[in-house]
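Accompanying notes for the structure given below.
Chains here go by letter, A, B and C, matching the order in which they are written, and residues are numbered from 1 within each.
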Amino acid sequence: MNFTSVQDVQDVAALVREAIDLKKDPLAFRNLGRDKTLGLVFMNPSLRTRLSTQKAASNLGMNVMAVNADRDNWAIEFQDGAVMNGTTVEHIRDAAPVLGSYCDIMGIRCFPGLVSRDTDYSEHIMKQFIKWTGRPCLSLESATLHPLQSLADCITIAEKRPVHRPKVVLAWAPHVKALPQAVANSFAEWMCRMDVDFAITHPPGYELDSKYTGDATIEYNQEKALEGADFVYVKNWSSYYEYGRILSQDPSRMLTEKLLAGAPDARVMHCLPVRRNVEISDEIADGPRSLIQAQAENRVYAAQAVLKRILLEK
Amino acid sequence: MNFTSVQDVQDVAALVREAIDLKKDPLAFRNLGRDKTLGLVFMNPSLRTRLSTQKAASNLGMNVMAVNADRDNWAIEFQDGAVMNGTTVEHIRDAAPVLGSYCDIMGIRCFPGLVSRDTDYSEHIMKQFIKWTGRPCLSLESATLHPLQSLADCITIAEKRPVHRPKVVLAWAPHVKALPQAVANSFAEWMCRMDVDFAITHPPGYELDSKYTGDATIEYNQEKALEGADFVYVKNWSSYYEYGRILSQDPSRMLTEKLLAGAPDARVMHCLPVRRNVEISDEIADGPRSLIQAQAENRVYAAQAVLKRILLEK
Amino acid sequence: MNFTSVQDVQDVAALVREAIDLKKDPLAFRNLGRDKTLGLVFMNPSLRTRLSTQKAASNLGMNVMAVNADRDNWAIEFQDGAVMNGTTVEHIRDAAPVLGSYCDIMGIRCFPGLVSRDTDYSEHIMKQFIKWTGRPCLSLESATLHPLQSLADCITIAEKRPVHRPKVVLAWAPHVKALPQAVANSFAEWMCRMDVDFAITHPPGYELDSKYTGDATIEYNQEKALEGADFVYVKNWSSYYEYGRILSQDPSRMLTEKLLAGAPDARVMHCLPVRRNVEISDEIADGPRSLIQAQAENRVYAAQAVLKRILLEK
């Protein structure tokens, strides 16, 4: 079993319940991972993902070995047949099986380059790690998806769910940098599998790949989109169609209390790190609507539920 | 319970005895920290502190997760209300509680900038970590203090204490770089709480904040200050009043055997790293007077005594 | 007991058998290293060595603490009597005993500068670590030798050994960078202690120090050297006599199937990382002759056999 997308999960609701059970008793399976090693490969920096995954593994009794393999330190070649007389020092065909021989489960983080959409959306880095390690692989955020984040988000929504079928809105917000679409794509594909009304609001030009957004309502008018929302997921992303570009920094898209006038019960979510007073106002971040810390805490149980399943399958 | 200064300790002598007991049987409390996680945040590099604290935690059966959060990798915003459209990527109000949710105790290292005395002496970084993690916090050296080093120094003095009330001299020594006052401030405030005669010698202009030096004798004449000393603590620091400046590199202040002519029984201390033949001569560093290695070894038991207390309080 | 060369091993065949036994039951000695700490000092980057040694230590129940001490972060002074008013911040005489006081066994990685042969071949860095830590020291690759790699290579050869006395050939291959002689020196000195026919082939000018190659046959004609080989160890190194220089990048020395026409049963070895289609062709690396992954996997059991011996001696 790999875990790189919601496609790897048969029953999302069951996985969410499993995570919530683990949260009640995190050490209930403390010996399940005994003598098993989780290898974490960070092609890009990580803080929350690293710590929460380490904690999850430790709750299951696993050993963790982490490798910081950013492109400068350990330049991996991904091209088959390459004549390696340049700057790459090791081929993925050689590097990955070595990691696989030292570890029982692998976690991989690899960001998109945001230059070529075809390259990024081919997920060639993640796919080659999966192909060549010969071990179950866990995405710690890939070029296009961030499934552990989305699972943590689903846990958070399940915990705070109102009695009615909730309205969930993914709301694009401005940012100073061009960011990947991974969190947005991933949240969309998980929401499409949850029992929720799902809408997305963003300026024209920020449409995501419909492969992930499915039947979600796309509503360009932000106020209209937010009306009656139970959960508002704030996130910036760069353009998918004009790939990697910043098309808008419209400050009126920063989430504020005023924008939520039509959604008195809305809880606000963000995956962190958040640019305060750019993506979201302090009043929201520090106010009672915020679920941001709950999401971060649930990262542990998301990772733990997935690791538990992989350990039980082996 | 936090541990950021001698002010956090009611009975210094009792804490020193506790550390000495742990040194005799480091694994006596090997299960005390079971299932507890110590999170270490390094805003600045660390070697001795990192390893000794890790060892201490491991002796108590704790898990350790370390984060290298230097200002380049993970630029944290500390200003309330900041519009984060610049280079900082995450606010301490968001980052710290996440760490707190993954860890039971936090250790923080944050050096001073040596540009603004007010900024550094406000200890805003340490204070905000304490405020926002919601966990007991351990200073791994802050802008103005280094209490784990000072506790290790007190242990070392207690171990080697003569029968009479010892004379302890903090002796400024030259250095090629402008260094923080943290070790000197901290040593001074701990010595003021120990049963010792405490004097400080340095060139004019190197006076420390009297908040830390209390009733210590300030003696500019180095030879006179060293006369009859039982313990000489060698350390460089930059000026407090002409903040962060190097006012002297007077080579006659390097500690040598000749300078200790009037202190035949003096033992010499330094917190490391030491610039040999600049701060201290080889003959001293390699001679029988040196307690430098004993101090470094005692770092483990200093950290262990403090972690033990925090674990027992929780 | 230190482990820095084959000279530290009395009976190579016995150590190889011990490693093969550990491979069959890696956790057979899971409590041997309980409460013992292995300290790893990386003066240079490491991936395979770091992970395999960590895994080996973990199989024996040891704790591991790693220090990334590359020359930029923690510039160590190795010169006795140095006046440290320059860029080095801590003397090995001070740094090493501190590490020794926190750890039971030390592992050290230190590459050659490839500027001065005398400096590199004096192994002053490794020797001073050994002298001043006061603990058993394990080479994780030094300026001139890589004994854990060679032991893993011996294990691999022992596992795949034909019934007859095998012919082993160390074959120089081209590379884009000037590499150390360490792996080649080390492989040579271990082969001289194994029950094999050992030959070396390289372009003129690439002769290794005869101290390591002993009675090995030096055959400049590559095809002739490879004829009838059972094991071909491919490796680049820079010139020993014209120290650190690249004298040839002759592409005909890249190992291909064609070159192995006269060695139908030859298995091919490389210590990784390998420059594909420069040192070795894809057809070899991906073909049935390759033992490259087996070597990498055996790194764990090489390290584990050595750590086990050190633990039993203490």
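Brief remarks follow.
Here is the rule we go by: a residue touches a chain if its C-beta (ideal position, glycine included) is under 8 Å from a C-beta of that chain, and two chains touch if they have at least 3 such contacts.
Computed from a prediction, not measured in an experiment: that's the story for all the values here.
One copy, chain B, sits rotated relative to the other, chain C; on C-alpha atoms the angle is 120 degrees to the nearest 5. Homomeric contact chain A/chain C: same residue numbering on both sides for under half of the interface positions. In whole angstrom, the spacing between the mean C-alpha positions of chain A and chain C is 40. Multi-chain contact residues, meaning those touching two or more other chains, do not occur anywhere in chain A.
Across the complex, chain B is touched by residues 27, 45, 47-48, 51-52, 54-55, 58, 176, 272-278, 282, 285-286, 292-293, 296-297, 300 of chain A. Interface of chain A with chain C (complex): residues 35, 37, 39, 63, 65, 67, 69, 73-74, 77, 80-86, 89-91, 93-95, 97-99, 101-102.
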